[in-house]
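Okay, so subunit A shows up in both of these, paired with subunit B first and subunit C after.
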Partner chain A sequence: MSTTIERRRDDVGTPPPPPPPSGALRRTSDWARRAPLLPALIFTIVVTQLPFVVTLVVSFMDWNAYYPDERGFTGFSNYASVLTDVNMREAILTTVVLTVVVVLVSLLLGLGIALLLDRRFRGRGVVRTMMITPFLVVPVAAALLWKHALFNPEYGLLNGTLTAIWRLFGSDDAPQPDWITAAPLVSVEIALIWQWTPFMMLILLAGLQSRPLDVIEAARIDGASSWQVFRYMTFPHLRRYLELGALLGSIYIVQNFDAVFTITSGGLGTANLPYVIYQTFYQAHDYGRASAAGVVVVIGTIVIATLALRTVSTLFQEENAR
Partner chain B sequence: MASVTYDAASRIYPGAERPAVDSLDLEIADGEFLVLVGPSGCGKSTSLRMLAGLEDVDRGAIRIGDRDVTHLKSKDRDIAMVFQSYALYPHMTVADNMGFALEIAGRSREEISRRVAEAARILDLEEFLDRRPKALSGGQRQRVAMGRAIVRDPQVFLMDEPLSNLDAKLRVQTRTQIAALQRRLGTTTVYVTHDQVEAMTMGDRVAVLRAGVLEQCDTPLRLYQEPVNVFVAGFIGSPGMNLAEFALDDGHAVLGQARIPVPTAALGALSAEGARTVVAGFRPESLELVGAGEPGAFPVDVTVVEELGSDAFLHGSLPDLPPDSGTLSDSVIARVDPTRPPAKGERVHLRIQPGREHLFSPSSGRRLPAA
Partner chain C sequence: MSSVTDVAPVAATRTPGGEPRRPRKPRGGALLALLAWLIGFLFVLPVLWMVLTSFHSEEDAATNPPSVLAPLTLEGYRSFFGIGTGANPWPSLLNSLTASVVSTAIVLLLAIPAAYALSIRPVRKWTDVLFFFLSTRMLPVVAGLLPIYLFAQFSGLLDNIWLLIVLYTAMNLPIAVWMMRSFLAEVPVEILEAASMDGAGLLLTLRRVVAPIVLPGIAATSLICFIFSWNELLLARTLTGTVAQTAPVYLTGFVTSQGLFLAQVCAAAFVVSLPVLVAGFAAQDKLVQGLSLGAVK
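Up next is the complex of A and B:
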């Protein structure tokens, strides 16, 4: 025993560590590492932050391309008109309705599908991948698909199915509703729900699979039925995941433009804020008001995003505390 | 309160060749504290989970009292379980954790709070009733898990290694508390552990499992004194039993310079098997230090002496062993007088106290008849 220790001590002849570099030297080496990143940083600022600052400045200006002589600062009048204009107020209401309906329904559907996919069955991986695909489709393509391939009253899949069912029972006059005209906002909502349900399902499935199994077993032994296990154990555990899904979904749906533009072009009371901003900018060419409306959307999104980030951070804290 | 019966109960995991629990036959009397013990993977937890209804019973039956619960759901079995991880409900307070089962059972609010308060008093948890599990120490969480079980006043307590997440000192303390609590409540208890000291100190009876098979189920003392086979002999006891294969020579078991007389009955059983060797085991306390000339004395070179204060254990090796001496534990452990321990490197002579050796068949590992 003692001999090995002595032998060890002999060959522990490592050189002393190099002295720490002096301040100036360290600063140089720090900059040598940072400098290559600078172009990327400057590029990012130029393409993301500058436009926002410009938008902010323009939102306080009277600037309409049709009246080039009246350009100048006007203070908050653009914001006043955004918040008092009937069209704008309707757009805000439409945005809220669209967001709430799409987020809630896709959360509910996502929860149901996630609960089903949480069970073990053959081919679960394949089914899970298939369920995610709507989220992977380009939004405009998805909207076009719904508008033309499904909702179209002449050759759409929905009316085609109705015809086929009525034929099956020997009738030739199947109802052929014009879906988009009859329920324009609902049509937009359905297309968005179809695309966002997989996202909610993914988040909730992750939540379900992070459930501590022994807690569920303990609840079963404590006499809880399947429904009671869901009500008292699974649901409280999923609460944060539901909040996260709702907030992330809200951020995206509030800004939605593709579906509204493609399916209804903002007609029949489906114009949401982003669409109205687009109209104000590209059709009315009122850059001041469009910018003010844009700032309102950004502020709304920041409020939602702050809540979302707070939820995410509490989620992480709880995972760490476990 | 009820007895528990495992009637040839088996669990075969899908895709597994061997059953995880193989035809377990076990009768646990009303009010008994039975400990299931064994090395990891021996099927002790699976056996417990079968009783809890968390694992399917593929063959055989399990009864609680006269009720056949083999295919009953967990919630209908009237059992309470303490998990290794405690499995407390993270979003509920201590009081809600303990009262959850009663609430599910639809008991009145007064009854729930009365029974929770009583359990909290027994377990010294009164000041923590409003806390969440996150804000409790490991020992407190363990007590909440116990509280959740006793509040229900179930027919059977199931405990799955409830102490293994505690530090050593708290484990010894809690061990005594659980045993005392069980005596007081008189509830039939099945307790799983891998720690044979826990098993020996807590159980009325201890069931030793290996590879899904019940090896022996008996009182701690009988397990220690009369292990039915080599596995139980080696598993029970700390430090473990010295086990080695001895050659048979003229009615004696011989290894190096050690010679142990073998009783006639054992010799008869060995010759019936056609065995030319015998497995002999002797506990550390069955060895004594003697002078070199004493009959039955054999020399041992001391490698290490563990001094524990109340005891000292000598670890040594047998010198001059023939190279073909077969399976043999390479060190001998003997309990020696802690006030006068031998020095490291010294050669001492040990003798097995007559009649305190255990003899086992070399082929089957079974205990051989003595006398």
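Up next is the complex of A and C:
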């Protein structure tokens, strides 16, 4: 292997370095460059891309493990049943509502908290660490915590606190709502917002701290108000980070399974697509329909993912152009 | 930066003495600091409550209003670890540890050479390759679940920890490649050139020059891969049974209420989350880079 190390190209998308003189030599050097990449690339293609191809094929098949004799191709009938089935349509709607609510609320909360943490004050590091903690609880454990220790109508912390506050004012009939039954989807959303706000906060805080401070200082000296600095300088700079947070958050939350599975077990109208697919395949063993639903999720995700990749690519080019 | 040109013209306000206006108002600052503390406390409160409750007796854990000052006991932990209940979480904790550590090691073995070929000695179209890796992380796991399940059934790999190791490796590889690439890109080219001029071979250069610069990055990448593998539920729940079940799968046994069991649930949730909390706090500074797939530093 050659020991010369070529200068790394810092610009993105420009043609490769000047080709070495002879064709054979060039081919050898190309393969020497590619060799370290190949194991990871081949592994990824085999483990992540092949299953999707199979899913695509099975989605056009009539295949239920309980009726193995009826296996065969059926064209688009699985898609028709996925898109006309009431449960599936509800699951699609639930997935959209769950994702949009959780992403928007945690993004807004995260923005507010990131702005607070961008200021210098005593114990800022401690507050930042406290803020990150919810994200570092294992998702199933977090869902169990909300279900049993906080939302429980008899001994949960929420109702316990209500009782304590009412007692403080000499009353014994504090409201004791059954949170999960009364508002199942909102309960799942609250637990997820609690876990995802730190994620948004971290991304936005990183965005805030990459602002050109000298320019902002100059604007302040020239008399720009805090609002003006935020509206005309901070916000345009943060826009990409807001987009990135929203898109990555959507990608993770569209796929959420843990919270729905644990808090409501998919009942009370909280079953989202991943949960329904899990059920269709794991309990009903209807492989064809589960695959068609999987393809629907993939198509939905591709729309978000394309936008996300574009945003990442813009940030990436800016960073490399620096 | 284009944003700078967006600034609307602002009349310069200066005090009559010609001094620039003081940018900060101290009292508002104190209030905002207090608000930040309050919000931080609210967010960490459920976790603190979980830890406190895990050290209460089952009777004290289930009171309304809550008994904050109840005496501390290890009862919850004893029940979780099976003293008097016959439960045994150790195999699942060990499975989680095996799956997370082994998959992280394989991820590093695959990702570091790949990142090298995407930064220091880049292949043609290296940005395309990088974005291909990223796109695989964005496709929902649930859509590939069925073929993986059928394959596992066919090849007898159901309920086998190695299947999870392979899948977790694939799940974390894109993140690791992106993170490692951004760390390797920080190695100054001049140092590499100087080393090669002085006649240092590739391995020597890697060991003496590159490694010291990127070791913190490797540590952060491992911690983040570890966290993602440790947390995973859907694949583990579908593909493992009694033998290879992981800690999150074990936790799903607490989904339905079983009489007085809150202290035990809190102990279980805390024990299973502890490795992630430790890894997460250790990787705090690089956490955002990993979570944003290397897009944000």
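Quick notes on this structure:
The definition used in the following text is that the second predicted complex is superposed on the first by the 266 of 322 C-alpha atoms of A that agree within 3 Å, B and C clash if a C-alpha of one lies under 4 Å from a C-alpha of the other, contacts with A are read in each partner's own complex, and residues count from 1 in each chain.
By our rule, a residue touches a chain if its C-beta (ideal position, glycine included) is under 8 Å from a C-beta of that chain, and two chains touch if they have at least 3 such contacts.
This structure is a prediction, so every number in the text was calculated from the model and none was measured.
By the touch criterion stated above, A:Asp214 is placed in contact with subunit B alone, subunit C being left untouched. Within the superposed three-chain model, A:Asn64 lies out of touch with both subunit B and subunit C [touch as defined at top]. Touch criterion met: A:Thr44 reaches subunit C, while subunit B stays clear of it. By the touch criterion defined above, A:Ser81 reaches neither subunit B nor subunit C. Taking subunit B and subunit C in turn and counting the residues of subunit A each one touches, the greater count comes from C. Applying the stated contact rule after C-alpha superposition, one finds that A:Ala224 touches each of subunit B and subunit C. By the touch criterion stated above, A:Ala164 is placed in contact with subunit C alone, subunit B being left untouched. Comparing the two interfaces of subunit A, the one with subunit B and the one with subunit C have residues 212, 215, 217, 219-225, 228, 232-233, 236-237 in common. For subunit C in complex with subunit A, the residues that touch the partner chain are 1-4, 6-8, 10-14, 20-21, 23, 29-30, 32-33, 35-37, 39-41, 43-44, 46-47, 49-50, 53, 61-66, 110-111, 113-114, 116-124, 127, 129, 131-136, 138-151, 166-167, 169-170, 173-174, 177, 185, 189, 192-193, 195-196, 200-202, 205, 227, 230-231, 233-234, 237-238, 247-248, 251-252, 254-255, 257, 261-262, 265-266, 268-270, 272-273, 276-277, 279-281, 284, 287-288, 291-293, 295-297.
Chain contact summary for the complex, subunit B toward subunit A: residues 52-54, 73-75, 77, 79-81, 83, 85, 87-91, 100-101, 104-105, 134, 148, 152.
Here subunit A touches subunit B in the complex through residues 212, 214-215, 217-225, 228, 232-233, 236-237, 321-322, going by the rule given at the top.
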